[in-house]
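Both of the next two complexes hold chain A, though its partner changes from chain B to chain C.
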Partner chain A sequence: MGLITDIRDSISSLFSAQDPKRIGIYGPPNAGKTTLANRIARDWTGDAIGPESHIPHETRRARRKENVEIERNGKSVTIDVVDTPGVTTKVDYTEFLEHDMEKDDAVRRSREATEGVAEAMHWLREDVDGVLYVLDSTEDPFTQVNTMLVGIIESQDLPVLILANKTDLEDSNVRRIENAFPQHETLPLSALEGDNMDEVYDKIAEYFG
Partner chain B sequence: MPEVKKADDDGVQIDLISGERMENMTSMEKIRMILDGVHEGNIVILEEGLSPDEESRLIEVTMTEISPDEFNGIEIETYPQSGSTDSGLLNRLMGKDETKKLTVIGPANQIETLHKDETLISALVSRK
Partner chain C sequence: MPHQCTSCGQVFDDGSKEMLSGCPDCGGNKFQFHPSTEDVPAEPEPSAEPPDPPTPDSSVARTVGNAAATVRDLVGSSGSQSAGAPEDDPSSRDPAPADSIPSEPAPAPDRTPPDTPASREDAAQADARSEVVSPDEIPTGSEPSTGTEPPATDDAATSEDLGTDPTGASATPVPTGDAGGRVASEPSEDRPDLSELREELNDQFESIKVLSPGQYELNLMELYDREEYIIALQEDGRYTIQVPENWHD
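== the complex of A and B ==
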């Protein structure tokens, strides 16, 4: 672990005293990424980033909130928060029809969703300095998208915090996520209710400051 | 090149691609080979899988090719890697390739994962 810490510290020092680091919020669709992005943006800037919805692929463009200054323990950390579309390997427009959407709207939404996922992958390879990986803690974390994305993040040596979201729901199971990704630190939270956000901000400052 | 017999309408073609065949291909050649096969309704099994960067590009290219009523994307399965970061990084520093993992890829509307753990992938493949 010492080697990892040393390398992370070396990488961190490369960025110190430079521009704000871009922290990408990644995860599968409907994990609560935009709810978290809005929670962070509202807590520290007063503004939201984008609309939240229970319909998958509400976020179809990466959205950036710049210069979010987070104050922790007398110090401040400035980051750019990048809310990204949920990553998937398939998009079927007929699933949107189940949400009372007309076919034209469903097709348009699916087309925009595919562009958004491609954009999110591009950001991950080229344009982010760290990742908040958000998972719905009521869902099984052993999915191919999670396996691949965490693997991609690790291959880029990006610092990553795993966030087990939706702890306000009865079926939430944080331990399952901890077991799925034992090599990373997992923090429980409810972005919707604002539960455990203090610890999340402490860790953001520690990982990305 | 021996004559290749095509699957008839009642069957599902499975292509098992050896690591040797992939060895000298570029990332885009691998992705093209996979997606061309999947577009034809084939199940593609890679003996040695893709690197994380190639997986990322495969998702990106797949997204650009999704077309309503024609192609919904892919289902892809590999074994999850447990506790891999520390050893993975050390192995990469030592030049050891950690990406070699059996990978199954098929059209999203034809392959469904029934069970997956670190040692078993169980999938249901249906005809178009």
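== the complex of A and C ==
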């Protein structure tokens, strides 16, 4: 019994040394997850992951970019980046009507977004090894979704970096996010402008390497 | 012509790759299996649907499925249910509690234990499901269960608890697999107010509440906790789930 456990442990550590860590980019809708995913993928592979949009729920299926090799201080860290649909407790098609969308399209988008949340939650259950939790720093971070997701991530003992995105905007308030999650490291950044990405990569290498 | 799309009726050969990315005609992703030898009646989705409520005690996994089916049925036929049911007598409405209470915990109806009506239904279901599999499967499946499956025991005990408490007040949600079993037996527990019942069920386990087409409320903890994974919603409130492999055990 003990022998088998030992063998299994050594096998799994063998694999974890070889397999890239799968890092999920999580957060509420419109926090800039896809913009960040594209920034990371473009910086290190040259390709993008998915279309970005100011309309919420543009990403409705989890998208993955494998073998993103990040070089830091002479070492390289390989991760799989998973961009996930924004997590929310309510999806309402009428929200999309404001963005000049036809009702049928809005209803479909709403349904797909709901499926996307289910998919994101399912991935969180078993398919990610670490989390980049992206928040819009112009928004109040004290929400049910944020509390619940960060709680789930903590309960899974997953390494997590909180990213206070959109620091290029005037209303950005990084301190508020730091205060909301004092137990985790918060990094300010603008994924859109590429501000502070060096520090983000340092921390990714440190946390997920 | 084994596989048929449940939305548009197009038929695909067994092993057809077209189906893998959904029906090319209508995009539907639910298919029913049509054995060529036997004409199966047009049941909506025998493969995707969890087993029907007549076998409530089989396993936690299945009772969760049953609960989902029950709610769907309740939602689907809410008018007739509430209209036909007497509002005053808790015990007279549904015979199901009577079935579930006396069932002894130990040999609780597993897949195909012998000699009970429930087991015969199970055997029939297993038979229907295993048409494509070699016939040897069936005798194997119908070997008497040793009756040691703990979820079934829990479930029977739960039903008993509920039975002794006609108010159902003890039915507080428990965030474990048992919650599914408990919920599954609740519809037969009398609830005069159907909307109240539905709300309670929603609170307990429904992971996605469809307020209207395009408007949804999501229970993130449920979505996270449940093993099965909702992969496609449909306008009529039905949904397709991906069932974990170990449910087939």
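The definition used in the following text is that the second predicted complex is superposed on the first by the 193 of 209 C-alpha atoms of A that agree within 3 Å, B and C clash if a C-alpha of one lies under 4 Å from a C-alpha of the other, contacts with A are read in each partner's own complex, and residues count from 1 in each chain.
The rule is simple: a contact is a pair of C-beta atoms (placed from the backbone, for glycine too) under 8 Å apart; a residue touches a chain by one contact, two chains touch by 3 or more.
No experiment lies behind these values; they were computed from the predicted model shown.
Peer 1: Touching A:Ala205 in the superposition: chain B (first), chain C (second), both, neither?
Peer 2: neither
Peer 1: On the A-aligned overlay, A:Thr147 touches which partner chain: chain B = first, chain C = second, or both, or neither?
Peer 2: First partner only.
Peer 1: With both complexes overlaid on chain A, does A:Ala48 touch chain B (first), chain C (second), both or neither?
Peer 2: In the superposition, A:Ala48 touches no partner, neither chain B nor chain C.
Peer 1: After superposition on the shared chain, which partner residues are touched by A:Leu192: those of chain B (first), chain C (second), both, or neither?
Peer 2: It touches nothing on chain B or chain C.
Peer 1: Considering only the touch criterion stated at the top, classify A:Ala180 as touching first (chain B), second (chain C), both, or neither.
Peer 2: first
Peer 1: Based on the superposed arrangement, let me know which partner A:Asp157 touches: chain B (first), chain C (second), both, or neither?
Peer 2: first
Peer 1: See if chain A has more residues touched by chain B or by chain C, and give me that chain.
Peer 2: B
Peer 1: Per the contact definition in the header, classify A:Lys90: touching chain B only (first), chain C only (second), both, or neither.
Peer 2: both
Peer 1: If you lay the two complexes on top of each other, which residues of chain A touch chain B in one and chain C in the other?
Peer 2: 87-93, 107, 110-111, 114-115, 117-118, 121-122, 124-125, 148, 152
Peer 1: Taking the touch rule as given, give the residues of chain B at its contact with chain A in the complex, in rising order.
Peer 2: 51-53, 55-57, 59-60, 62-64, 66, 68, 72-78, 80-86, 88-90, 108-109, 113, 116-117
Peer 1: Flag every residue of chain A that touches chain B in the complex, lowest number first.
Peer 2: 1, 3-4, 7, 87-93, 107, 110-111, 114-115, 117-118, 121-122, 124-125, 142, 144, 147-148, 151-152, 154-157, 180, 182-184
Peer 1: Per the contact definition, I'd like the list of chain A residues that touch chain C in the complex.
Peer 2: 87-94, 103, 106-108, 110-111, 114-115, 117-119, 121-122, 124-125, 145, 148-149, 152
Peer 1: Inside the complex, what are the residues of chain C that reach chain A?
Peer 2: Touching chain A from chain C are residues 207-208, 213-221, 223-224, 229-233, 235.
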